[in-house]
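First the structure, in the form of structure tokens, and then the observations on it.
Note that the chains take the letters A, B, C and D in the order they are written out, and that residue 1 is the start of every chain.
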Amino acid sequence: MVEELIEVRGQLFELTTLADIVKCITLRGLDFEVADFEIAKSTDLPSWIQLRLRAGTEDDLRGCLEHITQLGAHVVDARDARTEKVEADGILPDDAYALTGLPTEVRASGTWLSVPDPLPLAAIRVDHGQRAVAVPLERVKKGDRVVVRSEGVRVSPTPPERESELLGLLGTSMPVMRPHGPAIARVAREVQRTRAAGKRVVFVAGPAVIHTGAGVYLEQLLRGGQIDLLIATNSMAVYDVESSLYGTSRGLYLRESLAAPQGAQNMVHALNAIRAAGGLQPAVERGTLAGGVFHACLSAKAPFLLIGSVHDEAALPDSLTDTARAREALRTALEGTGLALMVAEASLAKAVIQALPGPVPKVYVDTSDYDVNKLVTRGAPSVFALVDSAESFLRELARNLGAW
Amino acid sequence: MVEELIEVRGQLFELTTLADIVKCITLRGLDFEVADFEIAKSTDLPSWIQLRLRAGTEDDLRGCLEHITQLGAHVVDARDARTEKVEADGILPDDAYALTGLPTEVRASGTWLSVPDPLPLAAIRVDHGQRAVAVPLERVKKGDRVVVRSEGVRVSPTPPERESELLGLLGTSMPVMRPHGPAIARVAREVQRTRAAGKRVVFVAGPAVIHTGAGVYLEQLLRGGQIDLLIATNSMAVYDVESSLYGTSRGLYLRESLAAPQGAQNMVHALNAIRAAGGLQPAVERGTLAGGVFHACLSAKAPFLLIGSVHDEAALPDSLTDTARAREALRTALEGTGLALMVAEASLAKAVIQALPGPVPKVYVDTSDYDVNKLVTRGAPSVFALVDSAESFLRELARNLGAW
Amino acid sequence: MVEELIEVRGQLFELTTLADIVKCITLRGLDFEVADFEIAKSTDLPSWIQLRLRAGTEDDLRGCLEHITQLGAHVVDARDARTEKVEADGILPDDAYALTGLPTEVRASGTWLSVPDPLPLAAIRVDHGQRAVAVPLERVKKGDRVVVRSEGVRVSPTPPERESELLGLLGTSMPVMRPHGPAIARVAREVQRTRAAGKRVVFVAGPAVIHTGAGVYLEQLLRGGQIDLLIATNSMAVYDVESSLYGTSRGLYLRESLAAPQGAQNMVHALNAIRAAGGLQPAVERGTLAGGVFHACLSAKAPFLLIGSVHDEAALPDSLTDTARAREALRTALEGTGLALMVAEASLAKAVIQALPGPVPKVYVDTSDYDVNKLVTRGAPSVFALVDSAESFLRELARNLGAW
Amino acid sequence: MVEELIEVRGQLFELTTLADIVKCITLRGLDFEVADFEIAKSTDLPSWIQLRLRAGTEDDLRGCLEHITQLGAHVVDARDARTEKVEADGILPDDAYALTGLPTEVRASGTWLSVPDPLPLAAIRVDHGQRAVAVPLERVKKGDRVVVRSEGVRVSPTPPERESELLGLLGTSMPVMRPHGPAIARVAREVQRTRAAGKRVVFVAGPAVIHTGAGVYLEQLLRGGQIDLLIATNSMAVYDVESSLYGTSRGLYLRESLAAPQGAQNMVHALNAIRAAGGLQPAVERGTLAGGVFHACLSAKAPFLLIGSVHDEAALPDSLTDTARAREALRTALEGTGLALMVAEASLAKAVIQALPGPVPKVYVDTSDYDVNKLVTRGAPSVFALVDSAESFLRELARNLGAW
């Protein structure tokens, strides 16, 4: 019989954390008793509870600790975190600790160091025992010292920011059969609050933005300077150009709902036209491209990042085709982001969730309950997801922000 | 080796019909050759083709004829349709012919009689060999003479009405990832055209109309007299009352997107309040009910039909709880209908499709691709389906009709 | 400023309850402080906490108490519950308390009476101040005394039964992108445990059971006596007959995946054949019906309940067409039920959830994430939902139970 | 008033083509009359019809011809196709003709040249006026002569191959509410027929193959040598390794359906382990990787292609991270393919559809009606899509092929 004393801190609000931990201990077949606790008289003050955990074997105990540490428990009598040296660039030691995305501290030389910007699944590098940094697997360098296993690491489930308009929405998904107006109004106010606080609003857009005819709303938001960075797929940009040049999106007329089975010729011609021009900027300069989302970006000098996919017909000169480099570009471009709005593009949304510190609030909009729930799970607890069409969401958002 | 000469008539437009028939013959392993044909020089004139069909056995030939008759082929050298007497109310002879919902003629005493209002799956009653009537199974009476098997029956795939705004949309479903604006504008113009032509516009509403906050748009359409009949579920009406009395829909606030897990107490109280008042009309008179969709119906004197379901908590006094009687009420209430708009209520939509003559155009709106495609298949070729939320569809419809 | 002392009891497991209550208080803008608490040393023993709740107005306080009572809080200094007399059959007093479906006690003459079989949304009738009974709205009688408002009522969130195989699954939904084998194995063991405990296993089936070709598995389960009651829609039974007579289900061959657009003639003929025979039992006796799910029911003497819908073409003689009577029949037939398996039939599943005491475990299987999540929410915390096809679920269930 | 004589050829089977063309002409507001036709007496022989098309302006006429050429019409009095010189690598002349994926001929020096392997959206290069080749945009070279506009191009809608087991399924999608067994049996027989004919069977797999526990079936198919090439995402391979090393897939146990919220640590460790080993092959050699799908590939010497995505945490050494190079690798690897089975991976499925000649039959399996219908549309008419889970499809496929 081995045992360990663990502690969970937090506000009464967050008692789900404790419930989860207790459930996890019980499901793993371990036993515990309450050793000590303090429950604060009021909601502002933290409460805490200590549990004495008992297991039959050291392995069971370590396994359980590994698990509940992810959930927010930490060992009371903590030792310093163990670190190991990285032997080669981009390769971690076995058992390297991977961040959950939640606010995390690591114990070094007897002190708890906070890890700023906790990127989900990144390793923790400890510099000179004095500074902790989140480092994605691809960025670790030979010689770095990174934390292994979960000893000396503590995670605190974030209390939602009190002043955020998204409070109460984060961590949930709103099904289609609910009134969306009030939720979109909150998202709009969060856009304003974020920008007022000097942080950046990032917009992620998939092809559905163009296919549904929602490009016009995004265009107005960009022209009004309400979006600081646009991240899109190569194909979204191609369809945007196609709709400017021909009024179609993958061969279907946007002004006409008729199913016009014209094939995708226009798409190829649009793609080819930008390739021939040497890119979106030169195409605008030559007058080839005179409208649409990317014309708005270039006019408003809003930066954008275009990312290619294997299923593209071909890449625009502006698109990053190497996915590893695109990931790196994302990490850099996303610094200083205070809010991410992501519409109908699950692959890029996942990439952005990974490249943003866990606590940054994120909104995901898509039409499938399944995709939307998956994103909430992946980005918990900082994602709010809405089952809605790109067109319906963007129209209401633009209205709420005075852009339409 | 047995054979039969069949004919297919139609405009060049409708050659899919011929293609379907040829495919069916081939898949069933029968052989055929072209006997004669005439292809009209212009699109207004009908073309026709005759095929000599050959099968190994009489059974194979009859089976195939049975099948392709449903698709629009008919035997050239037709005999009169065979009829048999109904032996008991509501019970058909074996092998009674069931209508497809498409325009149909039946041969009696050497003459082709058209069947007015061809209800899908109804039997054909022939009165005194001179008049053909579509009779649903439940309405056949002892002594009726109804057509058996498919001999002497011919079906003509309808050419879409040239002047209808829904031309080109009927028979298809529009996925969420398309611009819905132009399609909804067409639906709105069809509403106007139908009413201008002196026909009735029927609206079918499920609970999602209330849950999504779209009740306000439906209310305005009713107050403006743009809907001639409202058909809804008992629970839709209960939620409408609940939202008027408490601002909630099954315990969730409509003005607030927050997930407020308040339980469904309000729903029970709303239901009980109308039961206590003795119905919706007395509740309005007493001032208990002062707003909402049904208040609008009663104020505007728009008739409504409420239909209960086994999963209701209890029925409102206004609701039909017997489903057989509800079906009968539907058939009567739907006479003279020129357009059916059906939102987020698959069960009632199926019932309405069955109770309306096949050619009447129908629009179905729901959020699931699967449900929407199923409805199109069931009501082909006169249903246009749109994957959209009740709120988004009704808001745009009301705007297009000047009601919002 | 008004205040009230409330208490929440439970095991550490259930602290989510406390978290929900604290969140609810805060969102409603009320204030509180912790007055007293006791946290048990081990998981078997209950813990409790008392909060002093403060509101600006009496109304705010009452509103909040109403709400958190539903979540499991109760007033410490409880008075007896107030009851009022029912004035007319089937009509409750205003503000009648509606059960949540969770285990509930009501205080009468200073004693806490437990409400056996707490049906969701039913009222609480108190007989002679000594016995509490859950009574659905439709069953209340003139002269009954029922509880109004939430004073003197306390709800306890159920701890999941330790020995249930469904422990850990209840209250959740499993998406399609997970391994279903282990979950179905648990469901199978729960079937065995339920029957071993002398309780009944109820099966609810929609048309998809026949359409997907899963009828053969359900048939074997029935023949093997593993299901105590079958509840199905009228149309499911019609398709079952159609598949026995013609090998088709709404005109599509089950042995052939080819899309055979044969129309629904066979369905009408099957329906008519049973109507002509006078019902399923006589049809079996005459030899008209020689196989399928209902043949299996009748052979195995497993009782069944068939419920009609407004969208049926017509009803079988065996079907209940009145939905209010069907509801009543369900309530009676479901007595003694220990487990409900419900496949691809959301409307009946909702009806069964309402007619079964909250704590009875329920399994719902359907192909839409959205429907499945809705059912879990409605039946929380006693529903486990699985996103799967009827065919895939029933095949694995039959295999696990040795029936295939 | 300008006019042009056009012709449509084909079997009676394919009259849908003619119907589509007539509908297209009418919707565009042009007029026509039938000039001549010949309808073959039997199904083996081709029929043809000539229409005289009339338009108000040359532009309208050209626009319409452009459109109906895509559908299978061609100008009777055809001139040679116009070609233009490519000015720079990877950039087409304006108005370059893009293939539809259907069998196509191009007229050069008065002769009709067939375009072998018509890749969808590729350009047509004409070499010395004597050979036509399909060239994807990315592969065109400076100096190539490619066809511009649609003159001198004719497309023939393919008659489905008579001997294929997939006949009758291609071009459709089968919803979840149908019996899948017979369809999967056909797919299995098509696998055997394809390999017997000396062509290659390609399998495309997404992460759901691992998440649902279907990896074991794919493994057996590979070990049995029934798959000639495996194409997968980087993340699918990572989850395969994770499940071999830890029994989990993104932190969820595969043997246990319990929702174990363990986070994605194991995934990072699995990814890191293969990176540390230098790739999958060395990991197998060292004994790090002793099972799973890729172990099966390497043991059975089945080639595989791994393709990275921007949302990967990091890439395995075996994965192509550059999407343009991945596209090129796909085109090369897919040569000689006779059948593509694609499971739960829409992005790679789209890439494969683009990289395979149109007529090659393709099967797509996924759980969303929406995704499945989109793929059928994109790959029409050579895709058959099935709404099913990866686990259910692969288990039945493996059984049918004797691998399970």
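In the analysis below, a residue touches a chain if its C-beta (ideal position, glycine included) is under 8 Å from a C-beta of that chain, and two chains touch if they have at least 3 such contacts.
Just so it is clear, the structure is predicted and the values come from calculations on it, not from any experiment.
More C-beta pairs in contact connect the chains of A-D than those of the other pair, out of A-B and A-D.
Ranking every chain by how far its Cα centroid lies from the centroid of chain C, the top place goes to D. With centres taken as mean Cα positions, chain C sits 37 Å from chain A. Separation between the centroids of chain A and chain B, computed from CA atoms only, is 45 Å. The distance from the centre of chain A to the centre of chain D, each centre being the mean of the chain's C-alpha atoms, comes to 32 Å. Among all residues of chain D, those that touch two or more other chains are 27, 168, 176-177, 258, 367-368, 370.
Interface of chain D with chain B (complex): residues 12-16, 18-19, 22-23, 26-27, 32-34, 37, 39-43, 49, 168, 175-177, 368-370, 373-374. Taken in their complex, chain C has these residues touching chain B: 20, 24, 27, 66-67, 70-71, 88, 90-92, 94-98, 100, 120-121, 136-138, 258, 261-265, 267-269, 271-273, 275-276, 307-315, 321-327, 330, 347-348, 350-351, 354, 367-368, 370. On chain B, the positions that touch chain A within their shared complex are 168-169, 172, 174, 176-183, 186, 208, 211-213, 252, 254-259, 344, 367, 387-392.
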